[in-house]
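Below you'll find the structures, each written out as structure tokens.
Next come two complexes built around chain A: one with chain B, the other with chain C.
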Partner chain A sequence: MMRGVLNYGFPLILAGLVVLFGVLSPSFLGLANAMGILHAMVPIVVVATGMALVVMLGKLDISVGAIGFAGMSMAAMLIDGAGWSPLAASAAALGVGAALGALNGFVVVVLRVNPLIATLGTMIAFRGLALQITDSRVMVLPDAMRNFGNWTIGPVFFDVLLAGAILLAVHLVHRETPFGRTITAIGNDEAAARRIGLPVGRTVFACFVISGVLGALGGVLGAAQVGAVTTFLGKGMEFTAVAVVVVGGISLFGGRGSVFWGVLLGALTFEIIRAGLNHVGANPYFYQLIGGGIIFVAMYAAALKARETRLQD
Partner chain B sequence: MTVPPPVLTMTGLRKAYGTVQAVSDGRLTARAGEVMALLGANGAGKSTMMNLLGGLVSPDAGQIGIAGQAVSFAGPTDAIRAGIAFVQQELSVFGSMTVAENVFAGAFPTRAGRIDRAAMQSQARALLAQLGATIDVGRPVDGLSTGDRQMVEIARALRARPRILIFDEPTSSLSGREKALLHTAIRDLKAQGVAIIYISHFISDVFDICDRITVMRNGETVAERLASQTDQAEVVRLMLGEIGAAGRIVPDDAVPGPVALRVVGLTAPPRIREASFDLHRGEILGIWGLLGAGRTELVRGLLGLDGPVAGRIELHGPNGLAPVPPRDLRAVTAFVTEDRRGEGLLLPFSVSDNIALPNLDALSQGGVVQRGRVRELALRLIRTLSIKVSGPAQRVGTLSGGNQQKVVLAKWLAGAPTILILDEPTRGLDLAAKDDILRLAVDLAGQGVAVLLISSELEELMRVSHRYLIVRERCVAGTLPGHATEAELIAALSAPVAVQVPA
Partner chain C sequence: MNYSITALAAAAVLAAQGALANDITVGLSWNSKTQPLEAAWEDYMKAEAERQGAAAGVTITWVINVADADPSRQASNIEDLITQGVNVIVARAEDAGAIGASIRAANAAGIPFVTFDRASGTVAPTAHVGGDSYDQALTTATAFADLMKEQGIEGKCIELQGALTDVNAINRSKGWTEVDAARPEISTLVQVPTEWNPELFRSGMANALRAHPEANCAFIASDFAITAVQSALEEVDRWAPAGDARHFWLATQDLLPGAVPLMEGGYIDVSTTYDAFKHSEELVRVVIALSKGEDPMCGPDGCLAKGRVVTPATIATIENLWSKTYK
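Moving on, here comes the complex of A and B:
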């Protein structure tokens, strides 16, 4: 009974929320609103996908929001100052993400600094770097970029398809390749992984680079949706990404969970609640309270589940 | 019957770590289709020999030959390439991954970058079948028994088709049935021509499945015997060598005080099979057994530190002996081990703070720690234990090992325990410090404390034990009086498990 609730509870709660908001505000159930919710999820899904890999290792990368800001600031400067095309500038932003992710990887793998502390430091430093680049100004992006960010194919936003493809690709890499299985092995028991000769350092480094690239991509897609780079870009994104991953059932201790379902269900949960509260005209600060509650419930459910598994042994 | 030539010959090996000569003359051979046991007491040099063979360290002198060719390993991968595989005591399995993934971790078969699951699963199934194990290769390792996990680990070792397979303490956490399965698997591997090296503290296991036995002592290989031409008693004698003159510092015929603790039928398989004994006030009861016999498991089980145990524990109270839960026993017991830091000694803290920490309730008034009382307590214990310090404010990290151990004792003694359990209390200490700790134990017993002592240095036990509790293969096999002769004591280590002494 308990087990059933824990295994299927998530989709049930999500469905319940949709029904609840649908009753309170019938327009919530419309296609346009559903597409809007998916569209709004795009930046966090992309960032959380990278975060999911790092969390699978049993580590954290809380610099991703700052990387998104830094990458996009660089892109905006290249468009504005050097006349780059939005596409080339976006590619440069991903390059910045890779470089900053590599720096995180270096600090964690080579200098052996605790990942939370390492990325807490780089989070502050990268945000400072971005503010330096933009001189703390709001940068307006060209229309082409804004059009791309809100481009629809039929009823579907293009960036939703892009984010979905990235999520699925990372999911498959995690499940079906030696690299992905090595990530899970490290998350289970890093010392054992070293003992049997798995390439621990290389794998951890690669995950931080991927997390950096996806952090930057999240920044680019988020900025393209609104058509501007503000100093708030990516702020708090790292914690939302961690929350999404955790609520989606990926263990913070590493090695357990599904990238695809974890990120999708986690992001849907937060976005449906945010959009739903918005729809029924609730106080926006109320959302934060609910969000905190969800994280608590998800962690408690995970703890219960772990206890059930142990009792079975 | 013709004897096959050795696949592995290790000769004249020497290895020192700093000033410690871990191995001074190591020899070991292994033959295809045979199981060679490697035995030795703690510190005999077995692990160093295995580290040399695994390419983890390189020898200072001596040769390793494989199939007649001299080899030298720059690292573990060289050893693996030479056909050597280990099944370590500490399992390296990944719980959330499938059995097949665990077997192939580090060498996944791929097709166009993607893991070829069909091939991986069929090969994993074949490797496990070779071991006689039937485990669903598609299920996660979570929820498998320890025995099955070990099969997964062995299958991983076999994946590389090793010529030489080393088992390091493979049965220490297995149940009887799992052990039998493992031994069947080892016999099958032997029949397939693998050369096996088997390291174990369970001497009866060794005689069960090994063809030859190599014994090491103090870094030297002292004997190689055919298992069929020796017996347990000879092997134990070879392992221990001459036990030095004991120089007892307790009288042989002390009259024991009343029973402080009675243990009846303590059982927690596979850690403790059956333990019943009495511990008297004012006595030092030496736990007499080889490493791996279950000495530490016994005392930890008694204190309920490793999960629930069956059986009865009775403690002497105002109304005589009464059954108590392990929690009540812990409240009156001081438990000191070799692991000084693990026991909560805070090295950057002062001696007095370390002593005060577990006793803060008694040292405070209205929720505020009374510095004066802390200092008083520390000074008193420094004096009674003669801890060599400049003062109670000296930091523990700057003390010698022996004095650190005394601070651990002081921490516990502040609570006036009635039972003192010492598990390898002198490990790593110099001779004078060892002597100090032993004399302290004798003094405490003289004051009426009931002392239970574990030591791998049998001479130590022989110096201070009023009685011996014989522990063998996870059972209490009996007791011997303090005046037992060396021959009686050695015989007790190797005799087959038979009698249970009534409590």
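Moving on, here comes the complex of A and C:
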């Protein structure tokens, strides 16, 4: 039983939370709430999926929130100023994401700047670019875009299906393709990967581009849900994405973890806590304390499991 | 910060320097000037300077610079104003800490310094002029309770709070809570912190609606994120104008440009403005008082301009509503 608790401690805590919130607020256990939680998770799931690939490399990209803001700012300007359709403008946002991700990749791979330092600089620059584009204004998006952001197919939000498909696709790429295996090899030992002739530079560059595209897509989906681009778009999202990835069990040192389960469990943890506290009407001043405490317990359970695994090895 | 003693002293200095002249030069330092709100403030200041100046027998000339969101540049710009010998400096600070050095420099030169909209976090200026966020919530909540009484509705409200580190958000929650406690027409079912994040406005409102399907109203700490609230209400088919059975009663703060058409359409029921006109009117009053050697009679938190309550019935006729005019 102890082994079961250690192996599944984290998911058990998550399940326990669901039961607790359900007891305190019965509406928490309804289908509508489950769908609402998944819907709210969509932007961070998409962004964290890209982040997961970069973290698997043993690197970090903390510019993803700013990329989301920059991409969506460009899209909003194209819609408002140039009369572009929301679909075309959103595609342009993804192009911006790819370009900014490529810039990150260039700085990291070609200029050999530490990824944390590089993306810290680009985070500031990209956010500044976005503020210049929007003049720090709130830009209300067309109803069509807000309707898309909240479009349902039966009880399920379309963006939940989209985010799920992206997460699964990236997971399969990581697990089943040579590209994905190269990512794992680099994360485990970059020097060794180079020695055996793996395309380290190209792979790292590609992961930063993917991270940029998914950062931009997260920005598009987030803005579509709320119907506007504000200066808060993407703010802090990079740190939440890192936290999601870490809480979900993907190693910051690289090479270990599951993209699908890691991102899903991590994102669910944060959103279940927030939604649960909303439901039970917790004192707003206690949100961060309670949330931090729950995450600590979950991480402790994961650490116990990791220690047990190392002892067995 | 206690502004009244500092204001009296500065006014005395001005008087001693013979600054009871009819012409005064005001140095206006903007931290940035990219938003419609900033353009509105400046236009209202100039218009009020002519109107109030004429009544007071004072002619106001403006020297204006813009710092492009750079605290160092703002400090340099203010140094230029001091060198030019303006009679009063007005500054909207880019950085609440860094502005202190400029205030000290102005004090050393004997020039009164008025902070506008954003208070100094370090050195006390001669006077501070800004919005009264506590009164904003008080007036909205009172008008909203009156509306609920008139409609014969028991308001069961969701409160969407701003960032709890922001004094405006704290003041607005305080104002709402006080009226909630005093008026039986409204009660708060749940408080939802949003950290000023539109995504949390949406998801928090959606969660609160699921937990409290009996809710029929909301107090929103700022309507900059009103479209996010709209998304949440559309999800439960409660986004409808007044008069429709599905209408969800909304009380908001600020009445920003995005909220104006929604109030005109009857979706928002009550709001108190973040009132660029009233801020500018009060600023010019303070500047003229200082130029005449008078105490501007600011309270302990400064000369805070109250917003105006607006409803769908009055939005068409209210004058100087910047969010309608400036886009």
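General remarks:
By our rule, the second predicted complex is superposed on the first by the 282 of 313 C-alpha atoms of A that agree within 3 Å, B and C clash if a C-alpha of one lies under 4 Å from a C-alpha of the other, contacts with A are read in each partner's own complex, and residues count from 1 in each chain.
The rule is simple: a residue touches a chain if its C-beta (ideal position, glycine included) is under 8 Å from a C-beta of that chain, and two chains touch if they have at least 3 such contacts.
Everything numeric in this text was worked out from a predicted model, so none of it was measured.
After superposition on chain A, the partners chain B and chain C are accommodated together without colliding.
When the shared chain is aligned, no partner comes close enough to touch A:G16: not chain B, not chain C. Note on the composite model: angle chain B-chain A-chain C, taken at the C-alpha centres, equals 130°, rounded to the nearest 10. Touch criterion met: A:R274 reaches chain C, while chain B stays clear of it. Looking at the superposed arrangement, the partner reaching more residues of chain A, out of chain B and chain C, is C. Of the two partner chains, chain C is the only one that A:P43 touches; chain B does not reach it.
Look at A:R195: by the touch rule set out above, it reaches chain B but stays clear of chain C.
By the touch criterion stated above, A:G293 is placed in contact with neither chain B nor chain C. Here the smallest spacing between CA atoms of chain B and those of chain C, following superposition, is 34 Å. The interface of chain A with chain B does not overlap its interface with chain C at any residue. Taken together, the chain A residues at the contact with chain C in this complex read 25, 27-28, 30, 32-33, 36, 39-40, 43, 135-138, 140-141, 146, 149-150, 222, 225-228, 230, 232-233, 235, 271, 274-275, 278-281, 283-285, 287. Chain C makes touch with chain A in their complex at residues 32, 34-36, 161, 164, 189-193, 196-204, 206-208, 210-211, 213, 224-225, 227-228, 230-231, 234-235, 256-258. Those residues of chain B lying in contact with chain A across their complex are 76-77, 80, 88, 90-97, 101, 105-106, 108, 110, 113-115, 142-143, 156. In the complex of the two chains, the chain A residues touching chain B come out as 176-178, 181-182, 184-185, 187-189, 192-193, 195-198, 255-256, 309, 312-313.
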